[in-house]
Amino acid sequence: MNTIINNLGECIIDSPLVNIFPSKKSFFVSDGQRVIYNCYINNDCDDDNHDINGFEAAGPREKIYFDPAQTCSAIVTCGGLSPGLNNVIRSIVMESYYRYKVKSILGIRFGYSGLNPKNNYNPMQLTPQIVRDIHLDGGTILGSSRGGVEDMELLVDRIEELGINILYAIGGDGTIKGALKLADIIKKRRSKISIIGIPKTIDNDISYIQRTFGFESAVAKAVDAIYSAHIEAEGAQNGIGLVKLMGRHSGFIAANAALAMNDVNYLLVPEVRFDLYGENGLFAHLKERLKRRSHAVICVAEGAGQEHLVKDKPKEYDASGNPVLEDIGNFLKDKINDYFKKEKIKINLKYIDPSYMIRSTPANSNDAIFCTMLGQYAVHAGMAGKTSMIIGLWNNVYTHVPMELVISESKQIDPNSRFWYNIMAATGQPVDMTNKESTVS
Amino acid sequence: MNTIINNLGECIIDSPLVNIFPSKKSFFVSDGQRVIYNCYINNDCDDDNHDINGFEAAGPREKIYFDPAQTCSAIVTCGGLSPGLNNVIRSIVMESYYRYKVKSILGIRFGYSGLNPKNNYNPMQLTPQIVRDIHLDGGTILGSSRGGVEDMELLVDRIEELGINILYAIGGDGTIKGALKLADIIKKRRSKISIIGIPKTIDNDISYIQRTFGFESAVAKAVDAIYSAHIEAEGAQNGIGLVKLMGRHSGFIAANAALAMNDVNYLLVPEVRFDLYGENGLFAHLKERLKRRSHAVICVAEGAGQEHLVKDKPKEYDASGNPVLEDIGNFLKDKINDYFKKEKIKINLKYIDPSYMIRSTPANSNDAIFCTMLGQYAVHAGMAGKTSMIIGLWNNVYTHVPMELVISESKQIDPNSRFWYNIMAATGQPVDMTNKESTVS
Amino acid sequence: MNTIINNLGECIIDSPLVNIFPSKKSFFVSDGQRVIYNCYINNDCDDDNHDINGFEAAGPREKIYFDPAQTCSAIVTCGGLSPGLNNVIRSIVMESYYRYKVKSILGIRFGYSGLNPKNNYNPMQLTPQIVRDIHLDGGTILGSSRGGVEDMELLVDRIEELGINILYAIGGDGTIKGALKLADIIKKRRSKISIIGIPKTIDNDISYIQRTFGFESAVAKAVDAIYSAHIEAEGAQNGIGLVKLMGRHSGFIAANAALAMNDVNYLLVPEVRFDLYGENGLFAHLKERLKRRSHAVICVAEGAGQEHLVKDKPKEYDASGNPVLEDIGNFLKDKINDYFKKEKIKINLKYIDPSYMIRSTPANSNDAIFCTMLGQYAVHAGMAGKTSMIIGLWNNVYTHVPMELVISESKQIDPNSRFWYNIMAATGQPVDMTNKESTVS
Amino acid sequence: MNTIINNLGECIIDSPLVNIFPSKKSFFVSDGQRVIYNCYINNDCDDDNHDINGFEAAGPREKIYFDPAQTCSAIVTCGGLSPGLNNVIRSIVMESYYRYKVKSILGIRFGYSGLNPKNNYNPMQLTPQIVRDIHLDGGTILGSSRGGVEDMELLVDRIEELGINILYAIGGDGTIKGALKLADIIKKRRSKISIIGIPKTIDNDISYIQRTFGFESAVAKAVDAIYSAHIEAEGAQNGIGLVKLMGRHSGFIAANAALAMNDVNYLLVPEVRFDLYGENGLFAHLKERLKRRSHAVICVAEGAGQEHLVKDKPKEYDASGNPVLEDIGNFLKDKINDYFKKEKIKINLKYIDPSYMIRSTPANSNDAIFCTMLGQYAVHAGMAGKTSMIIGLWNNVYTHVPMELVISESKQIDPNSRFWYNIMAATGQPVDMTNKESTVS
C-alpha cells in the first residue's frame, strides 16, 4: 500500500494563512504527520502496555455472563430530551428480546425518580410490539427527569426488589455519575447487577467519545433556526437575527450549525471569551457591519459570555446562594437594543430560541442508525456482565469506556484548532473580540 | 487514563448468537481487542516504516508552492449527481478567494468534456458572489458528464491553454482514473500543474476513505422511499413494496437505509448471493411471509443479483459485445408477479425507483459541513503543490491518498461482518437465501 | 357595504394578452362580472326553486335518526392510497365515539372485499385508543382494495349480519358506484342502513366538489419530483427531466405542481391534445429549446397522449380484448431518446415516476384539517339517517351531494380557462402543440 | 341536476350534541339550508342591485388603461414577514414583463420608508433574471418595515419623481390604510397613478377575503411547534408544553394548528374570554388534567387574555401613555409556575415561541400557487387602471375589494360557530373556562 504523496516541487512561499493565525504555528500541518491505518489492536497475547492508550472494543462475546432465560433487564432515560432516545430504547428491547431471548425487559418511568420507591411509579413491561414504531417520534416513551439527585441506596433497594440484572442508563454527565454511585453500592452489596451507560448529550461534549447520539439531528434543526434568523435579518432595515442554541459548556451545536449554513456572522461559544463593549468588542464590530451590510446574524451558545451576566447582575442569589444567571439570549437582546439606542441607530432585532423544538425532533437517519448500534452494543456488554462502563465510539469503532473516565473531563472546542479556524472562515468574524485593556469591557 | 473495564464475573454461558452465525467465530469480539487512542503520528523525525500503514495528514502548510497572485484554479465535476457537489464547489471558491487570495477560479462545464476543445464550452468565472447560495440546491452549477472517456492529451492542451495551475476534479472512480491520466501526461510534459481529486460516490464504495460526501443525504432520502413502500405494502392484500436503490458494486445505501428505518424485510445487495427459486430462495421465503404477515418490503441495490439477469437473457449483447443487463428492479417486479401468478396467490406489488430523486437532493447539514471541509482541504493541498492525490477521511482525520491507491479496489459490505449481522437483525431475513443444490435456482 | 371599484379612466388600449389567446374572448373578464357575497341560502320557508342550483348544507342536525346507544357504524377504505385516509378514519371514530356516544365502530379490512363473506376477513373494532396516532402516517390502517367489483348482494348480507347501521365508504368513482349499488339493494330490502360516501380522489377530478382530500399533499410531493427533474436536467448536457404524475382523466396534480414550482417547460395533460412529431409537435419544440437553453423539464399526467400509445401499439390486446396501454412515461422516454438519436443530438434523459411516494405520504396540515372536517360531517349525516350521498365542499361550505350526481361526470381542466392560461404563463410552452395537417403526427 | 338527499326516515331522537352547546341552537343546521351552485353573476346588462352583495370579479380586461411601453410599475412590501412575499413579487414581475411587456419595474426597499426621500434608498430594478429563484426563500428580497407611519405627501412626491404609474403594495391593515391615504392624495393631485393592494396577514384576519397568503404555510410550521410541545410534555413528570403563536386579534393560526395536529389540550384565543383562577378557570382545569393524565399542551394566540396582563401590571406606561403589555406567553409561563408552586405540585413547563421561525418559512406549494395568482390578478387590475382596491378571494373566485371595505373591520373566530365547536372536539377543553362570579378571577 503506497501512501506517499507526490509534490510538484519545493514549497517556499509563505502561506497567506500565516497572517490569519500569526501566533498559532500549531495550526499548520507538516508533511510528516501521518494518520495510522489500523486503529484496531489485538491485545490478547500481547503485553498490556497498550491498555493505557486503548479502549476495550465493544461487540458480542462468545461466552456471556447472564443466562438469558433468567435475566431481567431494565432501561431508564434521564435528563433533557435528545433526538434518538426512543431509537436506543427500541434497539435494546429488540436485541435483548429477539437475539438474546431475554423476555423480561422493564421500562423505568421518569428517570431515576422512577426507581425511588417513594414515587410509586410502576415500570412498563417493554415488548417488541410496544416499541415497534416508537423511533418515529422524538422524546422518550419512558419519560425522563433530571438524573443523579436521588437517594441511591433506596434506588438499589428497588432495583433488587424488581429483580433487575442489567440496568441500561441513558443519560448525560449527571446520569453517569448517578450510575457510578449505583454501581458502587451494588459492588459493596456484592450483587450481581450490571450497570451499562449509553451517553446522551445533545451538546456532544463528552470526552473520549467521538460523537453522541442526537447531536447531528440537533445541528440539522439548529440550521433551520439560523435560516429563519437570516431571512428576518435581511428583511428589515438594520435587521439583526439572534439565535440562542444549546451548549452550556461547549459550543459544538452552534459551531456546526454555523458551518453547515454559512449565514452566521458572529458565533459566540463558551470556549472563547469576547467583550461586548470597547473598540474591539462585539457591539463595535456589529455596528460596523450594519453600516457596511445593513444586517447581521448572531448565534450564541447558552453557556457563552457567562462573565457578562454575572457582572451585570451581581447581587441576586438563589436559595442555595448561587448567583442567578440570566439567560444569555435575552441578555444579549436587551444589551444590543440598549447599545444601538444610545448610538441612535434604529435596529430590528429578532430573537429566536429554538431549543425545545430541537431537543424534541425525531432522530435523522444517520442518528437512527447510530442509536440502533448503541443499543445493540449495550446489550452485548450487559449480557457479558460488564459494568460501570458506557458504550462509546472511537476512531469509528464501538468501545467500552469506564464511567470514571467519561465524567473526569468534558470535551470543548479548541480555539487554536483548525476546526475553530473553519468557523472564522465561515463567519468572517474577527479572530479576537476582546479589548487589550480589560477595563473597557 | 484508566481504560480497564470491570466484569461481574466469569462468562461461561454460550451466547445465543452462536446459533445465528454458527460458523463465523470471527464475528465475536474478545476482551483483549483494543481501539487505539491516538491515530495521529508525527513522522517528521521518525523512521519511515510508518509510511506503510499511514496516510499523509491533510491541512494547511506553512510554506506553499503556488504564488496566490499568479495562480489560476479550476474546478470540474464529473459523473452522476450526488448531494453536496455545489457545497464542495462553493467551499473551494471561498477558501481560494478569501483565504489564499486566489482571484482567478474557473468552473469547467459538463465534466471533462468541458475541457475538450472540440466541444467549445467556455469555462465560467467563479466568484464568491456567484457561489454564495449554490449550496442550497442539489446538483452542480457546472453541469457534469461521464468522466474519463476523453482524449486526455487534448484536455491537457486545453488546461495549459487556459493557464490552469490547479485542477480540482470532483468525481468517482472513472474521474479519478482520468485525473491520474491527466497527471501522468502533465508529468511527462514537466508542467507544473496540480491535480487534486475530491472523491464523489454516492454509494460510499471507495476504499481507504471512511466516508464520501452525499452518502448520508442519500440514505436519508432512501429512507423516505422505504417508508412509502412500507405504507403501500400494508395498505393492500398481500402487498409487496419493492424499492430499488443505488449501488452497482456495493449495497451501502440500501443497507444503511434498512438499518435506519427497520421496515425492510428482504435486503438484496451485490455482495451477497441469493437464489430466487427453490425451497430456500427469496420467493419461497416471500411466500411464507405473505402467508404469515400478508405484506412485505423488499429493498434491492441495483447491482444485486446480476447473475439472474444474465441467465435470464443470455443472448442480447450491446455494440461492444457486453451482455445487455436488464434493470434488476423491473426484473424482480416481473419475476415476483410471475411467481405468484403460478402459485395462484393474488399479490399487489408496488415498485419504487427513487434514484434520481435521491441524487438530486441538497446536502443535509452533516454532509454540508463535510463538503465544506473537503473543499478547504483540497485547496490546502493544491496550494501546497500536491498532485495525483485525493482528499480522504480516515479515523476522522482528513488525509491525502494517492490516486493509484484509491482506484486499486473498491469497498464492499463484508457478509461476515457485524455490520451485516445488524442488517440481518433489522430485517429478520434468513442469513442464507441460497439452495444447497445449485441446479434448483 | 360598498363594493364599487374606482378606475383611473377609460380603458382604450388593447391588452397584449389578446395576442396570446386571440380567439378566446371568454378568457377576458368584464367589469360587470360579480361574485356573490352570501352563497348560503335558507330554504326552509322559501319556495323550492333554489333546489335546482343548490346543495343541501352539511352539519349537525338537532334531531337525529339513529339512537347512538343502539348504533353500529363501519368504515371501509377502497381504491388506491391517498394522503389523509387515516385522518378521515380517525375523525369518524372520534366524532362517533366522543360526541355521539356510538361505541360500536367496525373497521372493514381491504375495501369492499372485506365485506365479501368468501374472504373471511374479520373487521377490526375501532376505538379512540387505536386510532389516536394513525393520522401521523400515510396509507390506511384498514387496508384497501379496488372498489366496486364485488357481488353486492353478498356484501349487503354481510352488512346486515354484522348489524351495521351506518357504512362510511371512503373511495373514488368506483367506490361510490359500488356504494350506490349497496344503497339500492338496501332500499329494496327496506333495511334501515345508511350509506355515506367520503370522496377520495388524489386527482381532484370529482365534479360538484371543490376539492378532494389528499390532493394538496400530493401536489406538494409532486413538486419535489419536479425539483429533482430540474436539477438533473440542468446538471447534464442537453439534460431532459421527465416526470410522470398521477391523473388518468385530468391533469390537476401535474398542473398545480407546475404552477407551484415553475420549473416545468412542457406540461402534458389528458385534456389537451398534442402532437409528438411534425413542425409544431412536442419534439420539435423540445429540440429548439435544447438548442437555446440546453436543458428542459417535461411533466406528463399519466392519462395524457393516450392516442399516441394506441397508435403505436395497435395489435396487443389483453384477455378482455382491450388494447394494452403502455405507460405514457416510459413511452415518452423511449420516443424522445429515439427522436434525438435520429437527429444525432446527444441528450441525457432522466425519467422520474414518483407516484407511489406521492400516494403514501401523510396528509399535510391543510389536508389534515380538511379530513377531520369531512369525517365529522360524515358522522353528522350518517346519524341523521341520510343515505346514498357523499360529503362535499362547495363555495367553502360542506355539503351533501347525491351519489348519482357525483358519478355522472368528472372534472377536468378547461383549456379555455384562465387556469390553463396561467399554466402557459408558468411553463412558457406553446399554446398549441398540434400540427395543422393531421397526417404529420 | 338533482340535489335532493334521501333520508332513511324521520329524525326524532335528540342529538347528543345538544348537551354540548345547549344554548346554541344556531349551531345546528336544518335540512332546508342550501349552498348556491353558481356564485358568479354577470351584471353587465342587469340592474345594479347585486352590487350591494357582490364583489367585482378580478381578471384580465380586454381593454387596458396603461400603455405597457410607457408604464413604470413598482412593488413595495410592508409589515412583518409572511411566507410567500417573494412569490408575489416574482409573479408581479413575471406577469408584467412577459405578458404585458412592461419593462420598467421597480422594487422599493424596506416598505414605505423606502419611498421617503429622507431615507435615501434607491429602488431596485426588478427583472425576470433577478426574481427567477426568489420564491424558494422565505422573507422578501425588497426588505420591509412597519407600514403607514410616513409623511404621505412626501411619499407621493417620490412616487411621482420616480415616474411610477402603478404601485403594488403588499401588506396588512396598516399598509392598506397607508395605501388609501396615498391614493387620496394622488386623487387630489389628479395624478394618474394606480394603487393596488395585495393583502398580507399571516393571521388570516382580513374581512371579505376568504384566505390570505402565507396562512397555510404558517399553520404547517405551527404544527411542528405543537408537536415539540407535546413530545416535551409527555417526556416529563407533569410536563406542560406551552406554545405561543401569532394572532393579535384573531386566533386562526392557533386554532387551525390545533385542528391539524390534535395534540393541544387548551387553546386560548383573543375571541374567547377565559379566567385563570377560580374553580372553572384554566389553572383548575389544568391541575385536574395533570392529575388524570400527567401532561398537558397549551396553545395561546398572542392576543389572548390581554385583560389578565393589564390587570396584573396596571401601572406601567410607555412613552405614548399606552399601558405596556407583557407577552402573554411569558406571563402564562410565570403564572402557571407560580400556581403549581403554591399548590405544591412539581411541574415541568417548557415554553416555545416559534413566531419568527414561522414567519420566515418559504411558502408551501399551495401558498406558492396562491401567491402566483394574486400577483397575476394584481397586474391585471393595475394595467386596467383600477385603484384603491385590493385583490381578494371570495367563494374561490379572485375579486376586487375596495380598500375602505377591507379596513373597516377584521375577521375573527365566532365562538358560536361550528368551527369553534370543532376546536372543542379536537382539544377536549371545556366550552367555558370562566367563573360565574367575576370576583374570583
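Chains here go by letter, A, B, C and D, matching the order in which they are written, and residues are numbered from 1 within each.
Everything that follows uses one rule, which is that a residue touches a chain if its C-beta (ideal position, glycine included) is under 8 Å from a C-beta of that chain, and two chains touch if they have at least 3 such contacts.
Just so we're clear, the structure is a prediction, and the values are computed from it rather than from any experiment.
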Common contacts of chain B and chain D?
A, C
Measuring between Cα centroids, which chain is at the maximum distance from chain A?
C
Taking each chain's centre as its mean C-alpha position, how far apart are chain B and chain C in Å?
39
Length of the line joining the C-alpha centres of chain C and chain D, rounded to whole Å
28
Could you say which residues in chain A touch two or more other chains, in rising order?
none
In the complex of these two chains, what residues of chain C are touching chain B?
81, 110, 113, 137-140, 143-145, 224-225, 227-229, 231-232, 234-237, 239, 241, 350-354, 356-357, 359-361
Which positions of chain C touch chain D when the two form their complex?
1-18, 20, 25, 27-46, 50-68, 94-95, 98-101, 135, 192-194, 210, 216, 219-220, 223, 256-257, 259-262, 364-366, 368-369, 372-373, 376, 380, 383-389, 394-397, 399-402, 404-405, 418, 422, 425-426, 428
